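Structures are listed in the sections that come next.
Common to both upcoming complexes is chain A, partnered first by chain B, then by chain C.
Moving on, here comes the complex of A and B:
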């Protein structure tokens, strides 16, 4: 088998960075996320391949929080598109976990299938190679397996498996992965190493039947109760690797301007504000319900698997301790009138 | 705190049983020692879950905003800093005093559940071994300033001066250096608006940041729009922030928002004072910058 020895890790990342932007899990300030390997500050920022995961998900690499779409120039009553900003520069995400790789599959399904192809997402995604770090030690808030994700077999072009001190097992999974591997083969070794044993999940939850059950729970009093302490900020939606709602807006000065899109959050009042002044989701209850129904019911109905990948970030980030695992438990336990 | 917790539960039970309040806001325990989270109890049964312990850090006065449009009577527990939030709401005419039953708790300083949750998450490079809330390291008002019932023994204020020193350090920077300092801090902002949502002084019915026509602040996550968001919010906090510190505590990217708010409080006091927001409630009292007077010494203002 192919092995990437740990003392060659930096050389491999440097080599990859010659032909693509390489994003790696890094500590930054008091936080962590996927940032550019070549632009890192090695004195202040540490590679975080050995930790469970990073706080900010890699979603922004294919789907940036703010993205210019096109610029406009106006003359008289006519407006013309001056420039379109599709960005197809090659990108490599190195070291993502299975939960986040699954979330990219969610984004792929949303932006590239079912009759509409989002050209901005597609441009970024087509030249993207995903190198995932198989996960053998779930953290306290992890429940990916319960959401149908296999932590040791991430959906990626290449899987690396940390065998401990000596190195990573390197497994190309797709043609893209084979091609990338060929380019760095001189830095890999042929050796036999054993992948670690999978440790048990500290958090147990049973998602089976939840999507089905939720179909009859839109008006259930549970939503009111569960949403009571939600402060209605957007942290959960922005640390989430799979939340993908966006808004398209415009900025203009005189005859020129540009359209951009930016992440939006279903937790915001403005999200469903209507031009006439109405709002179909006027209070926290409706917004909270929508978020969890989208995660656990609507997406499953449309794509066959849930929009929550069990990464546990929202659990770690919610200022009021709202926990999606407990919500699944409560839905399971709730009594529903037939 | 155990004794206080029991007393809070007793009071909640009494108020709910007697129908004196419709809802009682306190906390409940999650499945870890450090997991204390807000609870809105509507019945004696729900009130059985009530706790008030060393992790009861959330400023519950903020939750009153969820009830402002009704007629319901609300009981709630407040610590010193939280109680100033109630004065904010009363002064801002968001609530009338007769709808509230305030249980004040003299606060010895709280732990922050978010610190413990984050330390145990495996997602962050740092791990503060102490759960002691950063915001409690300096506290001018540990004892509630408004209440119907007071629990616990009075605590001594403990003002560390650390934040004032940092404010002075920034005041002494050149304008360019200062800009650079805040640019770096605001660069991390993800525009989740958690600071606004956790803030009791952010009680506008339609927030300027949600307005679409005109759209005062762009939604781009970039230097300009992030800076605009934080500057506009700062303007709205001047003379109104009650320094409960929740904005900074809930910020997922550790922006030092209280540095800005404390500077504003300091300026409000120096320029328009002596003034401190939300320390004493009098009928029709107003925040310093909400007073309109023909005798205003500032000519430009008229």
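Moving on, here comes the complex of A and C:
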């Protein structure tokens, strides 16, 4: 089998960075996320391959928090689209976990299927290679397996498996992965190592039957109760690897400007506020309910699997302790009149 | 028969020129747009929508008025906010962005051979008007046509020429118009649309009812139709919600697992009853 020895790790990342932008999990200020390997500050920022999940997910790599779409010119009655900014530069995400790899599949299904292909997402996605780091020791907030994700078999072009001190097992999974592997083969070794044993999940939750049960729970009093502490701050949607809602806005000065899209959040009043004054989700209860139903029921109905990948980021980030695992538990326990 | 936006960049608009603007009411104007070189960037089916954008201001989803010739893209737009204020201020010759067509449109073929009942309030007549015009263009394919329309006042009635002159003159067509409150010079019906529909009481046998208007009107019209014996399959409505992408990706216009922009905006009542009551 192919092995990436740990002392060759930096050389591999440097080599990959010659032909693509390489994103790795890095500490940055008081936070962490997937940032460019070549632009890191080695004195202040550490590679965090051993951390299960960095604070920010890699979703911004395919779906930036703010993305310029096209530039415009309007002068009096004249108007034109000047330039469209689809960005298909090669990108490699290194060290992503199985939950985040599944979240990219969620984004792929949203942006690339069901009648329309989002050309901005497609441009970023088509030249992207995903190298995922298999998980064997789930953290306190991890519950990916309950959401149908296999932590040791991430959906990626290449899987690396940390065997401890000596190195990573390196397994190409797709043609893209094979091609990338060929380009760095001189830095890999050929020897036999054993992948670690999978440890049990500290957090247990049972999602089976939840999507079906939720179908009959839209008017359930539980939503009012569960939404009580929600501040509608939106941090859950911001750290979530699969939340894909966006807004399209314009920035203009004089005759020029551009349209851009940016992450939006179903937690905000403005998200569904209509020009005529109406709002179908006027209070926290409706917005909270829509978010969790989208994650656990609506997406499952539409795409066949949930929009929650069990990464646990929202559990860690919520300032009032709202916990999607407990919500699943409460839904399981709730009594429903037939 | 419904076209979908098939362009390679579905979020990027095409530039069209406004060639005519018509005042419909004090706060509704019709805009006629076409490509500078002539023609339209896409054909629309009755009930389909398009994103109209004033480039430096923003985009909004509007129902396209269907026309057989597909000579213009036509929109009847009510002034209610930032974008529509801007649109109401433009003049003929202005260039705008459009992208589309979006949504499923009305089931015009499924309704063939049926009597048609159109029930609209205020600007809600705009989407229905496409279906009405389609029926008149294919008059032999549809039975008796009944149109019930109401607005707050006479001034707020849209498309008056069609309402009072053109449509009532067409074979087997009845047009009933009502306004909310009595006013000087108005000899017609006064009262709300749902009650007027019950008063007219069209026989549900072999009929399809199509309704659009303010949410509160739709709610009461649906109750009235149910009371009058209409089945859920006989009742069609077209919904709206805030939209940004128009292609089922940006998230906000969902009702349950359906997106109004993509899976709608047209649903029959049987379909709506399968969804959470958030419309």
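By definition in this document, the second predicted complex is superposed on the first by the 336 of 338 C-alpha atoms of A that agree within 3 Å, B and C clash if a C-alpha of one lies under 4 Å from a C-alpha of the other, contacts with A are read in each partner's own complex, and residues count from 1 in each chain.
Methods note: a contact is a pair of C-beta atoms (placed from the backbone, for glycine too) under 8 Å apart; a residue touches a chain by one contact, two chains touch by 3 or more.
Being a predicted model, the structure only gives us computed values, none of them experimental.
Look at chain A after the overlay: chain B and chain C fit there side by side. Judged by the touch definition given at the top, the superposed model places A:89 against neither chain B nor chain C.
Contacts of A:77 after superposition on the shared chain: chain C is touched, whereas chain B is not. Of the two partner chains placed by superposition, A:204 touches none, neither chain B nor chain C.
Once the two complexes are overlaid on the shared chain, A:185 sits clear of chain B and of chain C alike. Judged by the touch definition given at the top, the superposed model places A:19 against neither chain B nor chain C. In the superposed model, A:39 makes contact with neither chain B nor chain C. After overlaying the two complexes on the shared chain, residue contacts for A:166 are found with neither chain B nor chain C.
Within the superposed three-chain model, A:229 lies in touch with chain B and out of touch with chain C [touch as defined at top]. When the two structures are aligned on the shared chain, A:247 is found in touch with chain B and with chain C.
The gap separating chain B from chain C at its narrowest, counted between C-alpha atoms of the superposed chains, is 5 angstrom.
Across the two superposed structures, the residue set of chain A contacted by chain B and also by chain C is 247, 249, 264, 273.
Residues of chain C that touch chain A in their complex: 4-5, 8-13, 15, 55-60, 78, 80-84, 91, 93-97, 215, 240-242, 244-245, 247-252, 254, 256-257, 262, 276-279. Across the interface of their complex, chain A is touched by residues 30, 35-40, 58, 62-63, 66, 113-114, 117-118, 120-126, 188, 190-194, 196-198, 210, 212, 215, 218-222, 249-250, 252-254 of chain B.
Chain A makes touch with chain B in their complex at residues 27, 29-32, 46, 48, 51-56, 65-66, 139-141, 228-229, 231-235, 237-239, 247, 249, 251, 260, 262-265, 268-270, 273, 283-284, 312-313, 315-317, 319-323. Those residues of chain A that touch chain C in the shared complex are 69-70, 72-74, 77-81, 84, 86, 110-111, 114-120, 218-219, 244-250, 252, 257, 261, 264, 266, 271-278, 280-281, 286, 290, 293-294, 297-299, 301-302.
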